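Following are the structures in question.
Same chain, two partners: subunit A is paired with subunit B first, then with subunit C.
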Partner chain A sequence: MREKDVNLPCRIFAILVMLFLLAPLVVIVIASFTPTALITFPPQGFSLKWYANIFGSSTHFMDGLVNSLKIGILATAADILLGVTAALSVCRYSFKGKDALLNYYTSPMYVPSVAFAFVLLQVYSQIGGVPGMLRIFIGHLIIILPYIVRNTVSVLHVFNWTLEDAATSMGATPIQVFFKITIPLARPGIMAGALLAFLYSFDEVALSSLLSTPRFITLPIRIMNYMELTFDPTLAAISTLLILASLVLIVLMEKFVGLDMFVK
Partner chain B sequence: MATLELQGLTKRFGEFTAVDSMNLKAAEGEMIALLGGSGCGKTTTLRMIAGFTEPTAGQILVDGKNVSTIPPYRRNIGIFFQNYALFPHMTVFENVAFGLKLQKLPKNEIRERVEHMLALVKLTGMDKRYPRQLSGGQQQRVALARALVTRPSILLLDEPLSNLDAKLRVEMQVEIKRIQKELGITTIIVTHDHEEAVSLADRVIVMNAGHILQIGKPQEVFDRPASPFIADFMGFSTFLHGIAAGAEGDMRLIRCGAHTLQVPAEAAQELTEGDACILAIRSENIRTAEQEGVNTVRGTVKSATYKGHTTRLEVSGCFEEMVYPAIHEYADVQEGSEVLLHFPAQHFCVYKDIK
Partner chain C sequence: MERKHRALLLALPTVLTLLFFFVAPMVYILVHTLHENGFSDFVDFFGDPFYRNILWVTLRVSLVSTAISLVLGYPTAFYMARTKSRMKQVMMIVILFPFLVSAVVRSYGWMVILGTNGLLNQLLQSLGLISTPLKILNTETAVIIGMIHLLVPYMVLSLVGVLQSIDPNVEYAAYSLGASPLQTFSKVVFPLSLPGIISGCVLVFTMSMTSYVTPKLLGGSKFRMMATMVVQEINVNFDWGAASAISYILLAVILLVQIAVVLCTSGYMKRMGGGK
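== the complex of A and B ==
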C-alpha cells in the first residue's frame, strides 16, 4: 500500500512550486483590467478598454492573429499528411536503417531554430521574391513535423497489425483498411501530435521573426514589435486571451487523448 | 462449402525454405489440423492460403480453381486469429457486420445475419459491447462469428484455443466442432498442441521444417506416430534404445540393456534380427505390477510429482534411459523406493534406429 498522507513540508513545498508557476499568470490576468496606461498591480479600478484596443486597427493584432491561424492550420494540415505517412513508413515495415530514418524525421526538433532560419533565409535570398507567407509556412512545416511523427509513432508502435489482416480477410481493400481501421485507431496519437504542432507554430518566435516580411507578420512577432514601442496593458489583455485560448485547446486535447480507444 | 487443394506449395525467404512443396487435399466440410512446433511452416502455409504471403512456387486450388493470384480481400476466406484481432473501436455488432457492410448488403439483411451468427455463438444481447468489455472466451466467440458471417468458402483457425484457460478450452473445443459441423465449412486449424489437433480435426497433418511428416486420422497419429520425432511431439515420454533379438510366437523380442521386452510382431515388421531400434511408450501406459512377468522391470524412483489424478515418476535403473511413468496409485511410491513396472506390449511403438 502506498501512503496516502504526504507530510507537511512536502505539501508546503508543492504548494509553493504551484504558486510560483501560477502567480505571473494571475498577475497578468488581473493587470489586464487596469484602467491606467501603466501596468500597476493591484489595478486602480476596472476597465475593458485595453481589450477594445486589441481589436482596434492601430495595433494590427487581428491581422497578426489571422496570419498565425493561417500558418498554423495550413502547416499542421500539411504535416498530418507528411507525418502520418512518415510514421507509417517506419512502423509498418522492417528494414535496415529504420531507426536512423525516424531520427531523421524528428531531427528538426534538435536543430536550433535560429540556425535553421538562417539557412532558409540564405535559400530565400538566392531564389528571390518568395512571398512572406510561403517563407514562414515552409519554415513551420519543417519544425513542427517531429511532433506529429513522434505522437503517431507512439500509437503505431503498439498497433496490432493483425487487425489489418483481419479486415483484409473480410474483404476490405488496402484503402478501406487504411481509412476504416488504421487511421481511426491511430487517431488519438495523430490528434495529440497535431495539437502540439499547431500550438508550437502559433507560439513560434525565433524562426518567424527572421523570416517574416513587413507585409506578413504573425501574432507573436506583432506582439513583440508592439512591446518594443509601447508598454501598456494591451499586452496583458492579449496575453490573457492567449492563455484562455490555450486552456481551451488543452481541454480539447485531454478529451481526445483521454478517450483511450487503443487500450484493450 | 468448398474443397481445398495445395499443389507443390513452396515458400522461401531468401535461403530459408519455410514450406517445401506441400501437397494436400481437403474434402468439402473436412476439418484438417496442421500440427507442428514453431517454425515448422504451418503458419506460413496458413498465410499463403489466406493470401497474405505469396507462394514462391505451387498452387492453391479452391473448388479446383487456382486462387494464388487473387488478392486476399477477394478470396472469401474466413480467418480466426490467435489474438482474435477484434477491432477495438467497434462494438460487437460492428465487428461482426464489418465484412457484410463492405459487401454493401441491405441494412436489415446485415442485422439479420449478424444476429443469427451471434445466436450461433451464444452471444445474443452482447451486440452493443466493445471488445474490451468482454471476457476472453466471449472475445473468441465474436472472432469466430466474425470469421463465419460472410459465409466464407474456407475457414482458417490459427491456434484457436491457445489463449484460453483449461476449462474454457474444453468448452470451446466442443463449440468450434459443433459450429463447424453445423455449417459444414472446410476448415484448416494451425496448432502446436497435439491435444487440440486430435480433438478438433478429422485429419491431422504433422509438419516439421516445411515438410509433412505424417498425415492420418487423429487416433492413428496419436497412437501410432510415424517416427520417434513425431512420437516425442505427440506426447510420448519414454524412449528406449534396443536391439531386435528374434521372435516368440506372435511377439518380437527386443533387448534393451539387461532386459528383453516383447512387442507385437506387426508393430516391428520392418525390423530384422540385430537391427538397432527405438521403443516409445506414453507415461500413462506404463503401470506398476504386483509380481514379475512379461515386460516387467524393476527400478528406483528418483522423483514423484503429484499431478492430481496421476503421479508422475522418474524411474532409473530399469534401462540405460530414464523412464517416466504416470501412475494412478500413489500410496507406496516415494522417492528412493523400488518399483516394479509393467510395460504393456501393445502400447509400444517400434522404430528402426536410423543413425
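== the complex of A and C ==
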C-alpha cells in the first residue's frame, strides 16, 4: 500500500541513478575479458590473458598490493587505539570545551590531503632519511583518524552509560567493564569507522603519490603509473579484482554490521 | 576531579599525535614559507591570470558537480527513505558499492567509456549518429561526469537519514489541509530536509574542491584544478613556493566556505531545531 506514496517517476529516476553508478564498474568487468588490446563492445571473444599479466613482474601490482595492505592495516590498527580513546574522552566525561576537542580530533578532514602531503614532504626533506613506508604511514595515520573518531562517537552518543555503573556495582573491575561492556556495545561504530578508514588508506592517491619513494609505492600509484605508459585491459583486470574485493566486503558488512551504519 | 584526570588521560595520546604530526608541521611550514618568501607567492597567485583561472575552474567544477549531485541524489534518497520494498536494501548496496571502489578504478571505467575510441563513441558511430568521434575525455565535461559519480553516493547517504526522519504524517496533514503535492514538497518536505541538503552539499563541495585523481585522470594534462596544480608545481615546475601558496589558498577557501555556510544557516538551523 505504502509503495503508492512513492510515485513512479521517483522510482524510475532512482533506478536510472543506480544504473549510472554501476555503469563504469560493469564496463570494466566485461572489458577485462576482451582478447584485444582495444576494448570493443560486444567483446570479440574471451580471454584471461590480462589477468595473467597482473602477476607479471613488469606491472609491480603485487608488490604495490602488499605495500597498500601493510600501510592500511597498520594505520587502521593504530587509529583504532587512538580513535576509540579519543571518542571516549569526549563522550564519557562532560567538561567545558569538549566540542572544541572533538573538532580538534576531526580537524584533518578539513585539510586537503594534497596540502597536508606537501607539508609533510617539506618536513621530511628538512629532516632527511625518513624511510618510504614511515613517510606514508604518518600521513595516513592522520588523515584517516577522523573516520574512526566520528563513527565511534556516533555510537557512544546514544550509549547508555548506566550500564557501566550497573556492571561496576555488580563487582566488575574497570578493565572488565571496558572490555565486556563498553567495547562490545560500541563495536558497530568502531567497525564501520575502521572499515572506512582502511578503505580510505587503501585507495588514497594524492598523499601517497607525493610521499612515496621509488622503493615503496602503493597499489593505486602503481596502477596510475602503468596507465600513463600502457592503456591495455591489464588495467581492467586488476580493477575487476579490486571491484570484486569491494563486493565481497559489502556483502560481509551487510551480513555482520548492517548497512544502516553508513546513513548519517 | 578524578574523572577530569581520566578524560585527560584518554585524550592525551590522540591530542599529542595530532599536535606532533599534523598541527605543528602545518603551522611550521606556513611560518617557514612566509619567512623565506614573504607573501610574494600569495601575491603572485592572485596577480597571475593563469593561477586565478585555476581557482575559478576549481570552484566552477565543484559548484556544477555539487548541484548535479543534489539533483540526482535528492529523488533517489527520497525514494530510498520512503519505500518499504526490498528495493531499499538493494539500492543501499548499489550506493555503497561504488563508494567502496577506488577513485582510480572508477576514473578508469569512465576513460574506457568516454575515450576517443571509447564505448560511447563506438556506440554513437555504429548507430550513425555521429561521423567523427566526440572529444569528451580530457575535457571539463569528463571531469564533471567522473566527479558526480564519486559524489552522488555521499549526497544520497547525507540525505537518506534526514528524509527518513521526516514523519510521513506531516505530509498527510498538509494534504488533508488542501495542499497540492508541489506545495507539500516546497513548503513541508523540502524545508524539513534542508539541514541534510546543506550538510550534504558542503561535504560534496569540499570533496570536489580537493579532489586529485578525477581531474588528473579524466581532465588530461592541460586541465588543471588546485590539487593537481600543487603536484605539478612540485614534480614538474619544482616551484615549492608556488605549491605552498596554492595549498594554503585552497585550505583557506575551503575553511571560508564552511564558515560562511555555518554563519548563513545557523539562524535557520536553530529554528528547525537542528542546532541542539
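Throughout what follows, the second predicted complex is superposed on the first by the 246 of 264 C-alpha atoms of A that agree within 3 Å, B and C clash if a C-alpha of one lies under 4 Å from a C-alpha of the other, contacts with A are read in each partner's own complex, and residues count from 1 in each chain.
The criterion applied here is as follows: contacts are C-beta pairs under 8 Å (C-beta built on N, C-alpha and C of every residue); 3 or more make two chains touch, one makes a residue touch a chain.
Quick caveat, the model's predicted, so the values are computed rather than measured.
Asks: Just subunit B (first), just subunit C (second), both, or neither: which does A:69 touch?
Replies: Neither partner.
Asks: Mind working out whether A:54 is in touch with subunit B, subunit C, both or neither, as first, second, both or neither?
Replies: A:54 sits against neither subunit B nor subunit C.
Asks: Quick check for you: in the superposed arrangement, does A:184 touch first (subunit B), second (subunit C), both or neither?
Replies: After superposing on A, A:184 lies in contact with subunit B but is clear of subunit C.
Asks: Tell me which partner A:80 touches in the superposition: subunit B (first), subunit C (second), both or neither.
Replies: neither
Asks: Counting only touches as set out at the top, which of subunit B and subunit C does A:18 meet: first, second, both, neither?
Replies: second
Asks: More residues of subunit A are touched by which partner: subunit B or subunit C?
Replies: C
Asks: So in the superposed three-chain picture, is A:130 touching just subunit B, just subunit C, both, or none of them (first/second/both/neither)?
Replies: A:130 contacts neither subunit B nor subunit C.
Asks: Who does A:28 touch here: subunit B (first), subunit C (second), both, or neither?
Replies: A:28 contacts subunit C only, not subunit B.
Asks: Would you please give the residues of subunit A that touch subunit B in one complex and also touch subunit C in the other complex?
Replies: Overlap of subunit B and subunit C footprints on subunit A: residues 262-264.
Asks: Which residues of subunit C touch subunit A once you look at their complex with the stated criterion?
Replies: Against subunit A, subunit C makes touches at 3-4, 6-8, 10-11, 13-15, 17-18, 21-23, 25-26, 28-29, 32, 72-73, 75-76, 78-80, 82-85, 87, 89, 91-98, 100-106, 108-113, 117-119, 122-123, 149, 152-153, 157-158, 160-161, 164, 168, 196, 199, 206, 209-210, 212-213, 216-217, 226-227, 230-231, 234, 240, 243-244, 247-248, 250-251, 254-255, 258.
Asks: Can you list the residues on subunit B that touch subunit A in the complex?
Replies: Subunit B reaches subunit A through residues 50-52, 72-79, 81, 83, 85, 87-89, 98-99, 102-103, 131-132, 146-147, 150.
Asks: Any idea which subunit A residues touch subunit C in the complex?
Replies: 2-3, 5-6, 10-11, 13-14, 17-18, 20-25, 27-28, 31, 38-41, 81-83, 85-86, 88-90, 92-93, 95, 101, 104-105, 107-108, 110-116, 118-123, 138, 141-142, 145, 149, 199, 202-203, 205-206, 209-210, 220, 223-224, 227, 231, 235-236, 239, 242-243, 246-247, 249-250, 254, 259, 262-264
Asks: Considering only the defined contacts, which subunit A positions touch subunit B in the complex?
Replies: 160, 162-163, 165-174, 176, 180-181, 184-185, 261-264
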